[in-house]
Amino acid sequence: MSALFVAIFAPVLASFAVLLLRRHAGIIAVAGAGVAAVASAVLLAQAFSGAAATELILPGLPTYPLRLEASALTSALSMMVATVALFVLIFAVGYMKKDPEKPRFFATMLMFIAAMQMLVLSADWILLLAAWELIGVSSYLLIGFWHGKSGVAGSAMRAFIYTRSADLGLYIAAFLLIGVAGTSDISTSLATSGTAATLAGLLLLVAAMGKSAQVPLNDWLQRAMAGPTPVSALLHSATLVAAGAILLIRVAPMLPPSTLLVVGLVGGVTTVVTGLIALGEKDLKRLLAASTSSQYGLMLLAIGVGAPIVALLHLITHAAIKSGLFMGAGVFQHARGSTLMDDVAGAGRAHKRVFAGFVLAALALAGIPPLAGFFSKDAIIAATLYAPAGAGLLPLALAGTVLTGAYMARAMAQLWRGKGEAAAPSQALRWMGIGMAGPVVLAIILGAGFPALERLLGAEVATSALAAAMGLGAAGLGLVLGWFLPPAHLLGALLPWAQNGFAIAGGMDGLVARPVLALATALNRFETWLFNAVIKLGHASLRLGRASRISDEAGIDRAIFSFARRTVASGERARKLQSGLIHRQLAITIIATGILAAALFAAPLFY
Amino acid sequence: MSEWLLILALVIGVYAVAVLESWASGNRLRLLGPVVSALALLGQESVLHRKNDRLFFETSPILLLIAALLSLAIIPLAPGLIVTDLATGALFFNAALAYVLVALIMAGWGPDGAYGMIGGWRFLGQLIAFAMLVVMPITAVAMRAESLSTITIVESQAQLWNIAYQPLGFVLFAIAGMAMAFVPPFDLPNAEGELAGGVEAEYTGVRRMVFRLGRMVLILSVASAATVFYLGGWLGPWLPAWAWSAVKILAVTALMLAGGRMFPRIREGTLLAWAWKLGIPLALVNIFLVGVLVLVVPL
Amino acid sequence: MSLQVFFLLVFGGAAVWFGIVVFLTHSMVRSALALLFSQTAIGAMFLVMQAEFLGVLQIMMMATEMSIMAIFMVMFMMDPGGLGEMDMKHQRKTSLAAGLVAFFGALAVAVFADWGPVATDIPDAGEQVRLLGFELLGRSMLIFESAGLTILTAMIAATAVAVQARERKPKP
Amino acid sequence: MSMELIVALSMGAALFGTGVYGALSQTNLVMIMMGIELILAAALVNLVAFWRYLHPDAMEAQMFLLIVMTVMAVEMAVGFGVAIARFRSRGSVEMEEAQELKG
């Protein structure tokens, strides 16, 4: 119980301390995250020692208490979050060295971490929803951290709106499940079956697609690069984006086969499409962002073939690797002041040690043994191989693997080829190096821990030599292709399209925003037309009137005049509805309320 | 029987307060002073202003008197000697005092005079700040008694008076009570030196007499409340219950009137800053301390 | 006609009358104080209906709340005394119609609905306070605390809106 | 049926109607707030009446009353905040002149 509490509240307390003291922000933040990491480690150790899942029941709504639970699954996830967060914060101490608003940054980061811990450890829907919202808000604040820069506020808003609109799915699904199961407990509500389960599963998939940036909701993630690099490192690896996949992993036992197939397909398509986007990307950080979407696609694919534990393994591996990669990119950005591929060319030659770490992480992501990525990716391919729906999904998984190799090789090639000018090593760089070393080491050694973790989670992970060979072959092929061939050759005609983010019919913007705008324009045109028509009618009637005056018919004349005038006046009156005057709006509100009440009263009469 | 006793006690109390007040301000003990000045006021011409708000001008002294009298209704002088033993007595006391504010605003606005108006609005700020400081110490008192009824509150102090049990609360309550009754040094609404009498300035004759009578009742009421909430009400050895109440109430009144004279009047802004920034946190601390005490040392 | 009905009529009538005076009078201070006495009469209605704690609370809170309203009226009105001939009403017909419709609609519901049997025994005042305390700090604690948090937020937000904007230090 | 309940509810209805009239007919922001206060007060009266005559054992009703009082206080606080800000920038809180919300 106490460790559970500490894991969540250590970052919260540290956040308050940072805000109150306003100095030594970095150190306090690292200490807070460290304490949380220790608490998570205690939880994981308890899980390993075979103790029953610790549970903490808080008083909430009368019949819906709020529950926190540290089972094997949740404590493993909590450990992952805490570890990555710790290293990212260490990195951030160096990265944010010169920023004048350090307290705000670290406080928000800590809130973000606390919210994620709460999400991971929550055992009921209400708490999960609360944590989900907190994550959304704090990611918005962090992406928009440099809100003074142009475009930053916009991309923060975009990330928020994309994930928020998808969140609606989570809300409906959660209330549906609570309603059907009669309890807000997640594990109990997972016993739901039938139509409710299918519907809830699909809605949850929508929520997960939003948070985990799956096609077609993938665009915001790449734009979220506007935030500081530590934010990206945290966001992509263990927190915001992971929330979607974690949600699906947790509800996987409930999902019926049909829903699972949809999950798998979404994941498979995403991994290929965003892989291609990554290959065509011109910016290092955006490349990494697209690769995040692609890797989460692989995880969804694994969930889709009925192997959520494998997805979890890949999630953990990916968390370590991706945070390492982003921190590496952060160092290069620090050195070159930009993340455009052309600008960072050769930066790897200048920072050989950082580059070595980057390469190790990249190879791990591509799936080269004995690095961690090999084991998890291999497990995904094996699971796909033996799954009933595997025949359709296996090519997608393999294509994703090839693409992973290709774009990582491309990034490495770009960093290595080019002129390297060593920058003077600074204090900041040292902190960043320490922060980066942690995830990279984890990326190397995590594979060894998988058997133990699998046993802990009680899942049989299929392995096969065939799958290993296929995975290795695909990864090798991708690496070779990516290293030796420029993306223009690889993608061919697809390149401009991929660089445009595969904006299928204009992407999300095209699907939602542009039609709405077009509709508005059309309506406007219609209105103008109507207006003109009325005016013309008026003119026509005037002319008619003039003509009729000649025929000395004053009566018709007046009628037509008044008709024209009244038409214009009614238009004026309609405009007044949108007056912006409080009292008018208030009157309309009250009248509308009255009509609603009347309708409510009248309704029984018609039944 | 007890009604007559209560009315008698009220008359004697108000008279005593009036004597004490003139003693404190004039430095001379004149036992017949109040009668003389009442007669003088009765004989005075009733001045009416040209552009007054007649309704407010006429009703405000009466409202002041009524509010003060109502706040006295929940004060027990002895077991059974109480106007009404409300279950929410401690809260009612404050509710009644809130109408003193209304009366003063009306009195300030009514006669259309600058001094009066400033006095009235001054009291608005003063009362809102200090009403908090009355309610919050009372909360602590009610916590100990586990009741809002004033009789139960007195009985809860049989072991130890609240002044010893929660001295911080008493200090806050005494200061806030003085501010509520606008006795010096908190007499900002009717300050003689700077506002030429403030809200009272435009009143003459009978109206002024009613106004001052209300003020005397108000002082009596605050002193009695301090007695009931903190000094154990009628509790005490040897003497009969009513005598103890009388002695304590008069002593508190004398202390309030005489002690207040020793301090200079405080500027409005400073006063409010103290109330909000110092008084309220202290009152919260008091509630917390009493909460701990009630749980740890249930006397 | 029981005593309770009589007093309800008296205090209710006072509350409504003062409520109407709020919008009839030209003097702003008068209209604020009329609202105050209307709220006080409502508090008295609570007392008649044996909700002692709430009645006293209403009487206490509204005295200060409406006095604050009065000072704001004086601050923000061009003509707080109502001596000039300022017109401060608009869309009279709509408002009057809406008010009457609202009144008669609610009245119709009150009169024609089947309210079922009326309870006779109610807990006495002291017991009510005790039960309310248990309600607030027991089952409904979360709601109560959120109300507290809401009012704190509103205080801070209102202050933030109202204080004069300061020049922010430009970023280095 | 009981007389008491109907009388209390009709008093609430009258207060509600007055409040609606006031909120719609006044031009001044503070006066509009007064109308809204009356509407909320009408809700209070009805709540107490329902508690007293229908469910005297349900203390949630009294709790709800406290929440409505909170809403009244919050409304005052925010309304006055807006009024002060507006008075600062425009020198008036007449709502006839406030057209920034125009669509």
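Lettered A, B, C and D in written order, each chain numbered from 1.
To be clear about the criterion, contacts are C-beta pairs under 8 Å (C-beta built on N, C-alpha and C of every residue); 3 or more make two chains touch, one makes a residue touch a chain.
Computed from a predicted structure; not experimentally measured.
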| item | value |
| --- | --- |
| Farthest chain (mean CA position) relative to subunit C | A |
| Chain centre separation in whole Å, for subunit D relative to subunit C (CA means) | 6 |
| Subunit A-subunit D separation of Cα centroids, rounded to whole Å | 43 |
| Subunit A and subunit B, separation of their C-alpha mean positions in angstrom | 63 |
| Distance between chain centroids, defined by C-alpha means - subunit B, subunit C (Å) | 27 |
| Junction residues of subunit C - those touching two or more other chains | 53, 57, 68, 90-91, 94-95, 98, 102, 105, 128 |
| Sequence positions of subunit A contacting 2 or more other chains | 583, 587, 590 |
| Contacts with two or more other chains, residues of subunit B listed in rising order | none |
| Pairwise chain contacts, counting only pairs that touch as defined | A-C, A-D, B-C, C-D |
| Subunit C residues within the subunit B interface of the complex | 27, 29-30, 33, 36, 52-53, 56-57, 59-60, 63-64, 67-68, 70-71, 74, 81, 83, 124-126, 128-129 |
| Touch list for subunit A against partner subunit C, complex | 59-62, 100, 148, 583-584, 587, 590-591, 594, 597 |
| Of subunit D, residues touching subunit A in the complex | 20, 23-24, 26-27, 29, 32, 95-96, 98-103 |
| Complex interface listing, subunit C residues touching subunit A | 90-91, 94-95, 98, 101-102, 105, 139, 141-142, 171-172 |
| Contacting residues of subunit B [partner subunit C, same complex] | 51, 53, 55-56, 86-88, 91-92, 94-95, 98-99, 101-102, 105-106, 109, 112, 121, 124, 127-128, 131, 147-149 |
